[in-house]
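Read through the structures below before going on.
In what comes next, chain A is part of two complexes: it sits with chain B in the first one and with chain C in the second one.
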Partner chain A sequence: MSTATPSPEPAMLPDPNSKRRRGGRYSWWAPYVFIGPFVILFLVFTVYPLLYSVIMAMQYNDGPKSAAFVGLTNFKRVLSDPVFWRAMKNTFLFAAASIFIKLPCSLGLALLLNREDIRARGFWRLIFFSPVLVGLAFVAVLFSLIFEKNTGLLNVMLESGTQWLNGYLPFIGVWDIEFPWLQEWVLTAIIIASFWMYVGFNMVYFLAALQSVSKELLEAAEVDGAGPWHRFLNVTVPAILPVGMFVVLLSFLGSMQLFELPYLLLGPGGGPQGRGLTVVMYLYENGFNAGNLGYASAVGWILAVILFGFAMVQKFLAGKDDI
Partner chain B sequence: MGPTFRPFDILSLGGWIILALALVSSIAVAVWPVSKVEGLEYWTFSKNHGLLYQQLSVDYNAKAEAEGREPLNVFVIEFAALTRRTLSGFWSGTPVADLVEVERRTMPGFVKGPLKDVGFVDLTDRLHSEELTPGVSIYDSINAPSFGPWTSRGRIFGMPHDVHPVMLVYRADIVEAAGIDVNDIETWDDFERIMGPLQTDLDGDGTIDRWLLDNWYINTDNLESLILQAGGGTFDIDDKLLVDSDANAMVLARMVSWCIGDSRISVDAPNFSASGNQLKIEGNVVAAVMPDWLAGVWQRDLPQLSGKVKLMPLPAWERGGRRTTVQGGTMLGIPKSTLEGSAKGSPERFEAAWDVAKHLYLSRELAEEIFTSNCIISPVKAFWGEDFYKTPSPYFMNQQIGTAYLGLAPDVPFRSSNTYHTFALIRIAQAMAELYSQAVAEGIDTLPGLEERARKLLAIEADLVRDEMSHNVFLQRDKLKEEKAASERLEGATR
Partner chain C sequence: MNWQLTRGEKIFQTLNALVLGVIAVSMIYPFIYIISISLSTPAEASRGGLHLFPREISLAAYKLVLSDSAILAGFGNSTLRMVLGTTLTLVATCLAAYPLARPGMPHRGLLTFLILFTMVFTGGMVPNYLLIQELGLLNSRWALILPVMITAFNVIVVKNFFQAIPESLWESARIDGASEWTILFRIYIPLSGPVLATVALWTMVFHWNSWFDAMLYITDDSKQVLQIFLQRIVVDNATEALETGVSSDQASSFTPETIKAATVVVTLVPIMLVYPFLQRFFTKGIMLGSVKG
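On to the complex of A and B.
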């Protein structure tokens, strides 16, 4: 005699046509009520401004009360303005530095602080992550003091250091205490400040990704005779690649929207000859200081197209499923 | 028996909680008492101004209460926030104060567009028709150049707070110890020649560390002041573009020559910065351009220099030339929403605001207070003979600095409030930065060479300003209208 195991009861899925669902506990309008507030806010504060900015991009404004339709003139003017291209060049250089200098350093830090033989790993992780907890305005003030001529920490340290070195190696010149970081080395200064702030932040992404690297695979590779470099290249990198691509995308988008740090460090024009001017600063200046919101809208749409294009290229390069 | 009401069939427990929270918070927001300002609202960006006005408003409010008028409430709002809130108010109708103080640099943004769209009430007729003293209108009682920054297309949109003439402050302890008599200095050439020996290596490391002048090629405030002193600027009184003027080219060349090579006399010791202040205290700077307001700042920020510095008229660009210039400025404007077009606006409210403006800006009490606390001289000429201006200042080695600044006040140059002023000034500053870079890169160190290059760079920047203006649809329309009207007049005359 066989004992038949009673089959489990079918799952109690609600019948979409039942009265209970339509008029009872699962009222048809309930989801709409719940998403309603979001949809209303989204329409009012995102969709409407977005659509309106398309109209504005085709207007000339002399202050927002005076607007005249000018067709695509704003787009033509933006694309032929050397100041826009200077801002674009600065922004791309900053983005390149973020991706090719900051991210490898973040990965290096993550690899280092992922090692089990490092003492007080948690403490060091906190130390490297903590700058991101500091407000951008504070960071700008801090670095404006660090980069000052004559009394700035960086120049003073470099002068003292090179003076000491000069005592032993006379061919090394002494650092100029008046070195103008915020006048002639503006972009470098911004990259240094941003590096300090975000290197630990990106490290956290890589640290999280490194947790998912299979220890078995690493051990198997080691048994097969793979050295540390080959294990990193052939096991670790493929495992953290999706996160890496995501961090690259985030860094690029963040760099393209760079505003507060250079604005606070250098002022509205981005320093002498616009050496630190970014695209968003250019947009802000035209829209809110010069009062030409139409022109600023055109800049915004050009920036949006660039960002969208980059995201698409990256999606294509990384493969569809990775992002 | 009918169906029973079961609330949990309509929404889940969580749904009811969310709904309840939404209702409670909405009701709380609706009934929460919002503190409402009774009376007139006054916004200023300056803490010092705010404190003074709060003191002065005590009398005004006592009198207003007795007469059944609205009291005055003074609020100090951070500079950028005040500018942004006021502009937003003008642009979108959000509430703004009844009286707003505006700083010189932001004024061009407030007078953009057609005159009818300017957010401040046009005070021109009032200033001309009302008298401060019998037979003298308010307009005529105030130093004429002080109206410049607040005037657009011939209309005045605010009451000037100050004159801000500029002098040269110098380390009298160092200069006098070297036996130099500053009365021998009339021009910038004299300044370089006579003060030259003071430029030395203080610590013996082989590099100069005491410089003659606090100035640098990125100092836009000094740039504007010095081009104005030379007769240049951005626009003249008729809104003619001056960007590529000879005066501007000369000043740019000179300012750059002060920063490079053997002709260097400048050091970058910015005000309001730790490094700048340290350089001044330690004697690395012999002289600096000093508007009256900066004299007050130094007294507060650099007490170590008390009894060590003196003021002298600014060296001129040529013999017999202007010995002063102007830097900074503030006005008091009355937004149109005080007069009409808002829930609170009414002619009566405007009159009350106008009374406050006169009570504060035209009062002898304020003139004395702003001078004694901030060294700022009043633009009201009737007070210029007051004794408080003659008080010796211990900080400036007992000089009568009030009298000294007042002596120069009538000579301060005209300043434009053209809506493209800021844009044009930025272009001039960019030309100077470019000139510096090219001079360093190509080794241009003679004044004629620098001046020739400055002319070329300024011509490029002037074209950029013209190009920017040519895209202003409204400006072009106005021009066409003017041209049409002129041709019609001509046609009429020919007939």
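On to the complex of A and C.
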């Protein structure tokens, strides 16, 4: 990837001679004034809540005003709660689906689009990219219609699909499909909705990475008799690996913090028997509905440690210290 | 280039186009589906199966949605949030990026650290809420703007772009006596149109689509954002709220589904307006700051 380079034309610049000469001295403090808002907002809205949550995680709250120091008790209680582990399992399953199903599809899509014989690449790219622009509330409304048990698009299509198949393969029979997507197949439903929303978004990363793959190298490999598979493995993959790692990291971080989509589609409890309960939903339930803020902060820290660990492993594997 | 394609290549090309076409349809069709439902009569909307274009068109759901004062207020609040939030983000991001782009500022390691930091540790819902409460920002529009005003990510994107501006421009401006302020606003910012457009579009879309912070921090319906009404409609199935005070013969002209769909389409309007620009800046901007090399 190259940073876009602007090509400034000197003629575009204001004529320095026509300007009033003022502030000519180099002011050492100017950078600090400029960067001040950033630092202040960063301290207030990132660092302070973080420190706050360390203290809170070691407190027991009974209502918003009462707090008692309890050390690591919150962590022990979280880790021994089966509901927490169910939420963890759901979240990890979702993350695994994101990384092992969605990302390969994004890459595949990017490879298809990257072929030289594709016309109007920008048009395709925009179409695949559109779902991410419309927002989670939109996606939730949309999929609440699509996943509807009786008249929803998905079940209707599945049903007519089997009817059509039955014409050729009569032994299949006609299935009267009424998959209760949002009642039982909850996690699958969330994975499908999120797949629809993000597959094109990740594709754009891969597509941009693919465009930086050296064409000379690919041609040289072809001349040397390497087949498409070998060219992909030995030329393309190494070239797009840094971006790939970055996308995996982003996907993992995003998946582990999954909250809004299941919250909107299933309600705060994560659907029947918490089938779609995620870690952040568990945190929200305990913090805001049950009012146990310390407990919720402990959940937040456990999650943060997992994310940080993954980021460190990724950084170590990527072997670079520069973003 | 070799235009003599073998048979195998032709088959592959057709397959490729077919696969792309099918995926594109599955990306676009839901939009058509929801627009079609929103324009349907109740009988048409409750029919299962594919909806492409309603056989009987009814604008009743739109009339209902657009005459709802809460939704209109939400539209206004969302617009205000988007405009104010984006403006402040642009100004603050440029201010922060400028000194970081200047040589001699010890920033690289720190910035790398910050971006990783904010990616992994996002404060957390609970302490954030308490912070907003302590700052007295509950039920204030600022609660939706200040915490997300500057992100390390945006700063890095803009910083990288600023760094590509030739150093000689800065030097000659300094020799001519321009202050840092003047250099930033008269030279750097005018030269950075594409990257600023990218940041602006991202921020606009982000603000328009956000709902969770509004749900936590805003309790007064007159300040509520539009997406919250979507959320209420989908989570609480709260279409009844819209239907109160509607006479029974009118009530037969829409269903909860058509109301849902119409509300959704209304919330899409601003995104549709910036859509033509997105193609140019959005996808390009995705890569700008994320990974270098």
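Convention: the second predicted complex is superposed on the first by the 291 of 323 C-alpha atoms of A that agree within 3 Å, B and C clash if a C-alpha of one lies under 4 Å from a C-alpha of the other, contacts with A are read in each partner's own complex, and residues count from 1 in each chain.
Note that contacts are C-beta pairs under 8 Å (C-beta built on N, C-alpha and C of every residue); 3 or more make two chains touch, one makes a residue touch a chain.
Just so you know, these numbers come straight off a predicted model, no measurement behind them.
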item	value
Chain B versus chain C as contact partner of A:30, first or second or both or neither	both
Touched partner set for A:101, first chain B, second chain C, both or neither	neither
Touching partner for A:220 - first (chain B), second (chain C), both, neither	neither
Which superposed partner A:269 touches (first chain B, second chain C, both, neither)	first
Greater residue coverage of chain A in the superposed arrangement, chain B or chain C	C
Partner chain(s) touched by A:183 [first = chain B, second = chain C, both, neither]	first
Touching partner for A:145 - first (chain B), second (chain C), both, neither	both
Which superposed partner A:79 touches (first chain B, second chain C, both, neither)	neither
Chain B versus chain C as contact partner of A:70, first or second or both or neither	first
Common interface positions of chain A, toward chain B and toward chain C	24, 27, 30, 34, 145, 150-152, 288
Residues of chain A that touch chain B when the two form their complex	24-25, 27, 30, 34, 60, 62-66, 68, 70, 73, 77, 145, 148-152, 178, 180, 183, 269, 271-274, 288-291
Residues of chain B defined as touching chain A within the complex	8-12, 15, 84, 87, 90-92, 109, 112-114, 117, 217-218, 268, 273-275, 278-279, 419, 422-423, 426, 429-430, 433-434, 436-437, 471-475
Residues of chain C touching chain A in the complex	1, 13, 16, 19-20, 23-24, 26-28, 30-31, 33-34, 37, 46-50, 92, 95-96, 98-100, 102, 105, 108-109, 111-112, 114-131, 135, 146-147, 149-150, 152, 155-156, 160-161, 163-166, 169, 172-174, 176-182, 184, 186-187, 190-192, 194-195, 205, 208-212, 216, 227, 230-231, 233-235, 257, 260-261, 263-264, 267-268, 271, 275, 278-279, 282-284, 286-288, 290-293
Residues on chain A engaged by chain C in the complex (per definition of touch)	1, 3-6, 8, 12-14, 16-17, 19, 21-24, 26-27, 30-32, 34-35, 37-38, 41-42, 44-46, 48-50, 52-53, 56, 109, 112-113, 115-118, 122, 124-131, 133-138, 140-142, 144-146, 150-153, 156-157, 160, 196, 200-201, 204-205, 208, 242-243, 246, 253, 257, 259-260, 263-265, 267, 280, 283-284, 287-288, 293, 296-297, 300, 304, 307-308, 311, 315, 321-323
